[in-house]
Every structure is written in C-alpha cells, then in structure tokens.
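Consider the two complexes below, in which subunit A is the common component and subunit B and subunit C are the respective partners.
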Partner chain A sequence: MNNTTDIVMIFLVLTNLTLLGLSRLGTCIRIVAVQGMVLGLLPLLLNGWNLEFHLIFFSVAIITLKGIVFPWMLRKTLRELNTHREIEPFIGYGTSIALGTVIFVICMWLSSRLSLPVATTSTRIVPVAFFTIMSGLFLIISRKKAITQVLGYLVMENGIYIFGVALVEKQPILVELGILLDVFVAVFVMGITMFHINREFNHIDTDRLSRLKV
Partner chain B sequence: MMFILKLFNVIIALAAAPLLLGIINRTKATFAGRTGQPLLQLYYDIWKLLRKGTVYSRSISWIFRIGPVIGLSVVLIVTAIIPIGGLPTFISFKGDLIFFAYLFGLSRFFTVLMAMDTGSSFEGMGASREVTFSTLSEPALLIGLAAVAKYTGYISLSQMFSSVNLGVWLNAGPAFVLVGFAFLTVFLTENSRIPIDDPNTHLELTMIHEVMILDHSGPDLAMILYGAAVKMWLLGVILIDIVVPVHSGNVLLDVLAAMFFMVLLAVVVGIIESSMARLRLLYVPQLLVGATILSILALILVLR
Partner chain C sequence: MIYALLLIPAIAAVLSLIVRGDVFRRTILILASVCHTIITITAWNKDAKPLLNGWLMLDKPGLLFLTITSILFLTCSFYAFGYLAGESGRRKQDFEEGAFLTNEPEAIFCACLLAFLTTMTFVTISQHLGLMWVAMEATTLASAPLIYFHHHHRSLEATWKYLLICSVGIALALLGNFFMVIAASVPESNDKSMILSSLVQQGQLLNGPWLKAAFLFFLVGYGTKMGLAPLHTWLPDAHSESPSVVSALMSGALLNCAFLGILRSYQVCLAAGLGQFCQNLFVLFGLISIGWAALFILGQPDYKRMLAYSSVEHMGILALGVGIGAGATFGAMLHAVNHSLTKAMLFLAAGNILAVYKTKTTKGVSGIMSVMPLTGILWIAGFFAITGIPPFGIFLSEFTIVKSMIEQGKIGIAVAFLAILALIFIGMAIAFLNMAQGRKNDDLKIKGNPDTAIAVLPPLALGVLTLVLGLYVPPVISNLLHDVAVRMGGY
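The block that comes next holds the complex of A and B.
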C-alpha cells in the first residue's frame, strides 16, 4: 500500500532531476505535464482511492490545468519563440543534477528534523515536497531562458501542492482552487510577457534584459 | 556435495559465457532481418584463434605479453566469487564486493597498459576513453552495491544475494528498481555495448574497447575475447541476482531460472542495441552520472 506512494514519490524525484539535466525546452514542458498529471492522481492515491465527489472533481481540475492547459499554453508560446533549447545555463546540466542530489539529501535531513503537527501517510512525501520546491527554485536561478523560469515556477508550485496534500486530510478545496487560479493567471501573463519580450528583443534570455536602459 | 555445487557455479560461468554474446548478436540480426551468425560463433572464434600463432611487435615490452594472462586469471577468480542462482562459491569473505570490483579494475588497468605499450596513438585514445568512462561507472556500481548491502545487512556477495528475495520487492521495491537501472547502465558500459560503445565498428571515432586490443593476435586475442565474454556473464549475473532473485529451495530450479533470465537479459541487450544509436561521446558521461545518481537515490531510500 505504502509502496505505491513511494513509487510515485520516486517518480517525482526522477522527473525533477531530469528537468535539471535537460536542455530541450519541448521535452521539459512534456515532463512538467507528466508531473502535473501524476500530482492530480495524488489526492486520490493518498486517500486510498475512496471516490468522493469533491476528490474526483479536484483531481480532474488539477489534471486538466497542470497536465493539459499549462503545457498547451507554454507549447504555444514556445512555437512563437524562435528558441528550442536552453543554451549555456548559468550552471551546467551535469552539475545541476549533482547539486540536485545534494539538495535531495539536504531535504531528507531537513524533513527528518521537522516535527509536523499531523502524521503524514508516507515518510517520503515531505522531503519530496521540499525537493520539488527546491528544484523549482533552482531552475529559476540557474537558467537564462524566461520559459525555463516559468517551468521552474510551475515545479515550485507543484512542490507546495504536494506539501498541502501531504498535510491536510481533507482538501480545503476553495483554497487550492484559488491557488490554482492564481497560477493559471500567472502562467497566462508570463506567456504573454515572453511573447512581447521576444518580439522586442528577438530572444528571451533574462540576463540580457538589463541592457534595456542603454 | 558442497564442493560439487561450488565447482558447478564456476563451470556454468566458464561454459555458458560466450553463448551470451551469440544470443545478443542473434537478436540484433533478427531485428535487422538477417539470419545472423551461429549462436556458438564466439566458441568457434576462440577455438580458431587458439590454434594460430601470435605476432608480437618489436616495440612491445613484457607488459603486452602478460596482460591477457592477467585479464583471464582475474576473470577466473571472479567466477569463484559471484554466485548464480544461490549456489555456494569458493571465495566468500566480508567485503568481497569491493574485492571483485577492483579485480575488474586490475584487469582494466592492464588492458590500458597493454594498449599504451604498443605505442600506437590510436590505442592510447581508446585507453583514455576506457579509463574516463570506467571512472564514472565505478561509483554507480559501488554505491548500488552499498545500497543492496545496507538493505540486506551483508557485505559479502554470496550472502547478500542469497538474502535478496522476492519479499525485498514488497519492502524496498523502488530502491531496487533504481539499482536495477543503474546496474544495467554499468553492465552496458563495462562490456562496451551500445549506447556507450559500438562493439561492431572499427572506426576510430567510435570504438573504445575494440581499439585497445587491435594489436593482439592468436591465443592472446582468444584469452581477451573469452575474458570479456566471462566478464559480461558475471556482471549480468549480478544484475539478475538483484533484479529477479529466485530462491525456491531447489538448487537446480534456481539455476535454471537464473539461466533463463540471463538469456532474457541478452535478448534485452540485443533489443537495446537494435533500437538505439550509440551516444555521442560527450553525452556518455551524462548517462553515467545519471546512473550514479540513481544508485545514490537508492542508497538514500534504503538508509531511511
């Protein structure tokens, strides 16, 4: 029983590590989509597949948004941009993966020190949540392309979501849907922003945007 | 009785090892729509080479001559360490998992020295690549073994493998899946298979292992080919012992099951080789680092 959750957790860790080591933006988007779909199934899995209406509704909402709508929007943006690869990130891919492992170890240690008010269903869910947040942050600080940073933002949000699912027995559905709406708007706005940045400057390298003043 | 079983363990490895390569080549041939070489081709090759004379270059030293012998003897020792299907082994002591890993290291060291001894820059290039890639695959193997050792509580290969059973998959399934994938990568790397190295080409840009043995001939080459085949068998056995451990209690049944899975492994390798291209040399380190990461993750999971 617990094993299924563990397999899902490992899968999430592996998707995060893959994201850290990939340069093709299209594949990155696909991985984030897969991650989103797995996350959608997570509340059902943690509640032992008892199919209550609000759980199913929640899962379907998550899968539609994180698994289909966000990737579709990002893919659409990517098509309009003339870039397909993250070239020369601040931190290389091999180093990123290695640092990712270090971060994972730190997250394991951190969550073992953390005393939570309620018991979680799996001992691995909290470190994985931390790790997902951290790898999202890492993507944001180590990559240059705006689109990878948006992906990092999404991954970070995924981590926060895992944390919420792990701690709360019954989903406060309004809160989660509110957050989802925020993320939706954010991705929407960032998509438009990227399009405009690209149209003005012919690139989406955020580190070169400081030359605006000149 | 115990002695016979131990002997049996060695004999299986020594007798069946070249067959593995035959099965891989047959699978590849089937995928390509060819008939392919006979399953026993490597046995014929070795027999042919053993009857031939050896040609030595004038510029070589004694290293070139003893290299193949060391390679073969290392492999013979390792056959006495690694158990197939829960058979007892001649050599078993605490920490022999490191012993076996570095015996292969010793044989690699001499292969590299032999390649450099010929003075050919071409072989030196192969040696350099071999050393680079094996440096990266070594942590994947050792950390993976450490994870299994930590889970089972034994640091001797034969005890370790005999306590890995199907129940392990219920308790620590995810960790063992990770170790399995890491070891498959190590298996492909150490045996110079696609996607790390292409064993069929003799094109200077692509080969790693093949290039180092270009100057060998006759019985020397036979020893190297046979040693490589047995090494492949032994590493395969480690993979099989961890991924599909069958301990039914009946020795014969266990061994047959393990043999069946070895054939399956060969077919899987054949399929991998038919469906993938060789990786660009630059991407190989990434793959190996990935394998190491999988091993580390497995170790973390087991430690918790």
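The block that comes next holds the complex of A and C.
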C-alpha cells in the first residue's frame, strides 16, 4: 500500500512540474483536472480502501468538484476568452521547471527537518504537499493571464488539501464540505470576474491591470 | 437567538434578489439591519450558551466585534438608502475618464451587502476554527461583487486584486488550521476537536513548534485580509474604488473580523505559553504597518486612498496594542471600536464629497465648508478624531496604549509610535484642511442642497458615538472590553 501512495505522490510531483512548463491553457486545465481526480482517490487510498460511507461521499464530492466541475467552468471561461496560450510569462518555461526542481529539493529538505507528532502512511506526503502549495504560488506570481492565476490558486488549494487529508484524521465532514464550497464559489466568482475583465479590456493579462498605484 | 442573527440577513438577502421595486428592496435592507442590531444588543444581557456541540457561541470577543459590525451596518444601510436612490438609472458617466458605465443591478448589490453581513456575523460567532475559516473566505466572496458596483476597469482591477490576494492569503490561514490540528493531535490529549474552548483548555499539551507555525500562518493569512503591511496591497485599491458605503463597511467591520481570526489563534497560543513569541510578532507587524502607512499618507493625492492607508495604520495600532499586552490590550480593544466608528464616518463623509465634487483627488476639492457646511464639519471633526486629538475616542485608546508602553519601560517603541503618529497627523492635516477650506471651485455646479438628511445623519451618528466614547466609556462597555482583554492576555 505504501508503494501505491508513493507512486501517487510521484505522479503529483510530475503534474506540478508539467504545469510549470506548459503554455497551452487548455492542457493546463486538463492537467489540473487529472490532479483533482487523483486527489479525490487519496482519502480512500490512505485509509486502505476502507469503504466507509463518509469517505466515499467525500471522495465523490472531491472528484466531482476538482476533477469535473472546476475544469468545466474554466474551460467554459476559456472558450469565451480570445486567448489560448500564456504568452511571455514573467519567468520562462525552462527556467520555471528548473526553479520548480530547486523548490522541490528545498521542500524535501524542509520536511525532513519537521518532526510530525502523528504517524503518516508515507514520508513523501509532506514534501509533496509543500511542493504543490509552492508550485501554485509560483504559478500565481510568474504568469500574466488571469486564468493561469486561478489555476495556480487551485493547485495551491490542492496542496493544502493533500496536507489536510494525509495528516489530519477526521476533520468534521461539515468543515470539509464548507471548504470545498468556498473554493467552488471562489472559482465561480473568479470566472465571472475574468469574463468581465475580458469584455472590458479584450485581454486577461493581469500585468496590464496597473492603473491603480500608490 | 444566534440562529436569528444568521437567518435574518440571509433571508433578507434572498428576498432582495426576488422582489421588484427598488424602494421596497432598500426598505428590506434597513429592516434587516435594524432587526440585526436589536438582537445583537439584547445579546449583551444574556449569558453565552454553546450551540451545536459548542461550534457556535457568542462569547465576549465575538460579541464585541459583532456589535461593532452590527452598528456600522445599521448606519451604512440608512446611508445606502440615500446612496442607491442617487445611483439609480442604468447608465452613468464615469467622472474620472468620461466614459459611460453601467452600475451593478441593485438587487445583486443589496443581496451581496446582506450576504456580507451574514458572513461577518458567522465569523464572530463560530468557535470552531475550521468553521471560522469557511466564514472568513465567504466574507471575501460576498464582498467582491460590492467593490465592482460601478462597472469600470478600475473597479474591476481592484476586485481582481482583492479576490486573488485575499483568497491566497486565506488559503494560507487554512494551512495554519491544519498545523493547529497537528499541534493538537498529541497522544496525551483526549479531545482533539478544533473548538476554541477545548483547545484553550488543553493548551499546555499542544505541540509547541507546530503551534508556532500555525500562528505564523494565521497571522500572515488573516493578516492579509486585515491589511497588515506588507500584506495590505489589495486594500488601498479596493477601498478607493468601491462605493463609499462599502469602503466604510470593509474598513470598519471586515478588517476587524479578520483581526478576530488572528486573536482566536492567539488565545490558543497564550494557553500554550507562547504568548511572548506571538506578542513580538504583533509588535513587529504593527510597527511595520504604521510606518508603511505613514509613508503613503504623506503626499497622497487621492483622499479615499488616504483613508485606506489610514486603515492600514490603525490595524497596525491594533496589532501593536495586543503585542504590548497588559493595559494596552484594553486600549487595543477600545481602539477597534473607535477606529471603526471614526473611519466609517469619514468614508461616508467622503462619499458625500465625492458625490458633489466628482473627483477623488485632494487637489480637486476645496471649500467644502462653504459648499456643504454639514459635511465639511463632519470632515474636519473626522480628521481630528482619526488623528487622535482629544476629546475623541481614538485619543483615549491611543493614550492607553502609549501609557502601557511607558509603564513597561518600552520607551523606544513609544517614541517611534508617537513620532510616526505625528507624521501622519501632518500628512492628513495638509490634505483635509485644504479640502475643507479655501474658495469653492468655480466650475462646480450644485443642484439643490447637497447636505441631505440621509447623507449627513448616518456619519453624524457615528461621530457622536466616538465623541461620547472619548469623554466617557460606560461601565457596560468597559467591562466587556476588560473581559475581552483578559482573554487576550492583558487586563
């Protein structure tokens, strides 16, 4: 079982690195969708496929939202926008991947120094969670398109979620659902805002949103 | 009763989406806020009872911040009544660039305003840290459409920054939540829930390093929303671009709610004996915020942005007060009340000025005293109140904080604090006095009397309240403030 968890973790690292190196927005959305689906299986996997009702319910909720609904909403937004690629990001793709690797090493080092008071199923969970959070933040600050920033926000949220699922036994389901609902509405509102930005400016480059200063 | 606090604004929000007729909708807004305030005030006489296994409870800190929120919302809803009447009609001319723009449909605006009240109430009454996080993120989402009331590109930019920066910040606070859970899941503890009272109760058992990390993430996460420098970058944009009534609510109520979020985690740290660690961080962030705000207030060309930076300053003072501890904690709590009242009053007055002069630059406004004398008086009084001149409330609270600094021998901090306050006084004096006095602009066209009752009375009421609090703090209020201060490690 440990082995499967490790494979999933490595898969997650790879998805993050791919996101850092991609320019096509459609593919980025698809990768975030795949990441979301894998995350949805994580609670079942970590509990040894122990099919309790609330675990299954939670898994299904995660897969539906992170794997299907969010990507669908973002795709819909993307179709209405006249943009398909991230052009000239602040930090180039090659550099991004290289930096991503460095960040990953730092995350590994950092988590080896943290002593966890709770037992975990895999030692790779904490570094992967941190790396996913950092990748999300990196996407937000290094890309110009509003839609990539939303993707970054989602990836960051995914990282926090990995952390929560792996280390926190039994957060009350109500809180979990509340968090999911908030993220859902956040993506929804961001989608609408993006639509307005596009209509107002004919672009979604956030670096050109720079009228308000000082 | 707690349920009523949540349900009334929530139902009113749904109603205002359904009903037709703008006047009817505005009446719903006022009715809901009146009911909310009445229930909040009756809560002062009752003992807090935990609901839903202790998940919801209106404890003393919650009650304090709920009361601030409720009173502000009440005055703002009256102001909004007049404001929305003036803004009705679909197409408007943007006074800064002359382009035509449409306003957000009023139904959505009212609904979001009421949803905003619901979520802020939710923040103040949740005792479960996870639930509080959910409520906190919900405040961001409910208020984002409010900033985008005037559909133009500047407000859109402000909305986007607000959404993204606050969502990321609050996501970090979620990580803080998880760290807190890890800190609490030590084998010795028997109750591993995230309810504040049980966390405080077994404070000594919690895992120190993880708790420290959790507090850091709470401080950075909710601090983003509270507007502590250097995490405040969304704040000036959002406050200057949104309608004045929304700025008043965000500055006076929303920032306080975020502060409450930090205070909750501080309570846990205090119980775990990490008070000193947290206090140092509070002092650091507090001083940075006050200093940073001073830099931007000096020579600020836009008066709404000036008020926004002043909010950053006062949030810094709150953090500083809690960081100093002892008597300053009481001062900080009193300051939270005074700042909310004063800042809301100033933002509402700024709304009146903006409606007549149609510019947000300080240079473009002069002679308020002769054009609209009542608003002019409010503007000047607000200036004295916000910079801490007696007899207004802010003087009293800042004095309490400084006194406690000197008593504890922290002379260096006290001197730095007073010096920055003096700088801010100068910066604001130049702008405010030039705006109020002088000859009125020649090309200014005024229809009728701009000082209508609905535009002047709400800020006046807030001003009177802060004046009264400066002269005399009733024992009911000071007892509550002391009660809160004791929970936050002071007295």
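Odds and ends about this structure:
We take it that the second predicted complex is superposed on the first by the 209 of 214 C-alpha atoms of A that agree within 3 Å, B and C clash if a C-alpha of one lies under 4 Å from a C-alpha of the other, contacts with A are read in each partner's own complex, and residues count from 1 in each chain.
We adopt the following convention: a residue touches a chain if its C-beta (ideal position, glycine included) is under 8 Å from a C-beta of that chain, and two chains touch if they have at least 3 such contacts.
Model, not experiment: these values are computed from the prediction.
When both complexes are superposed on subunit A, subunit B and subunit C fit side by side without a clash. Within the superposed three-chain model, A:Gly178 lies in touch with subunit C and out of touch with subunit B [touch as defined at top]. In the superposition on chain A, contact of A:Thr193 is made with subunit C only, not with subunit B. After overlaying the two complexes on the shared chain, residue contacts for A:Gly164 are found with subunit C alone; subunit B is out of touch.
By the touch criterion stated above, A:Val13 is placed in contact with subunit B alone, subunit C being left untouched.
When the shared chain is aligned, no partner comes close enough to touch A:Ile125: not subunit B, not subunit C. Once the two complexes are laid over each other on the shared chain, residue contacts for A:Ile133 go to subunit C alone; subunit B is not touched. Contacts of A:Gly94 after superposition: subunit B is touched, whereas subunit C is not reached. Once the two complexes are overlaid on the shared chain, A:Met156 sits against subunit C while remaining clear of subunit B. Draw one line from the C-alpha centre of subunit A to that of subunit B and another to that of subunit C; the angle between them is 150°, to the nearest 10.
In the superposition on chain A, A:Cys28 makes contact with neither subunit B nor subunit C. Measured by the number of subunit A residues touched, the leading partner among subunit B and subunit C is C.
When the two structures are aligned on their common chain, the gap between the nearest CA atoms of subunit B and subunit C comes to 23 Å.
Touching subunit A in their complex are the following residues of subunit C: 128, 130-131, 133-134, 137-138, 140-141, 144-145, 148, 151-154, 156-161, 163-164, 167-168, 171, 174-175, 178, 181-183, 185-187, 193-194, 207, 209-210, 236-237, 240-241, 296, 300-301, 305. Against subunit B, the residues of subunit A that register as touching in their complex are 3, 6-7, 9-10, 13-14, 17, 21, 93-94, 97-98, 100-101, 104-105, 108, 123-124. Within the complex, the subunit A residues that touch subunit C are 115-118, 133, 137, 140, 146, 149, 153, 156-157, 160, 163-164, 167-169, 171-172, 174-175, 178-179, 181-182, 185-186, 189-190, 193, 196-197, 200-201, 206, 209-212, 214. The touching residues of subunit B, counted against subunit A in their complex, run 170, 173-174, 177-178, 285-286, 289-290, 293, 296-297, 300-301, 304.
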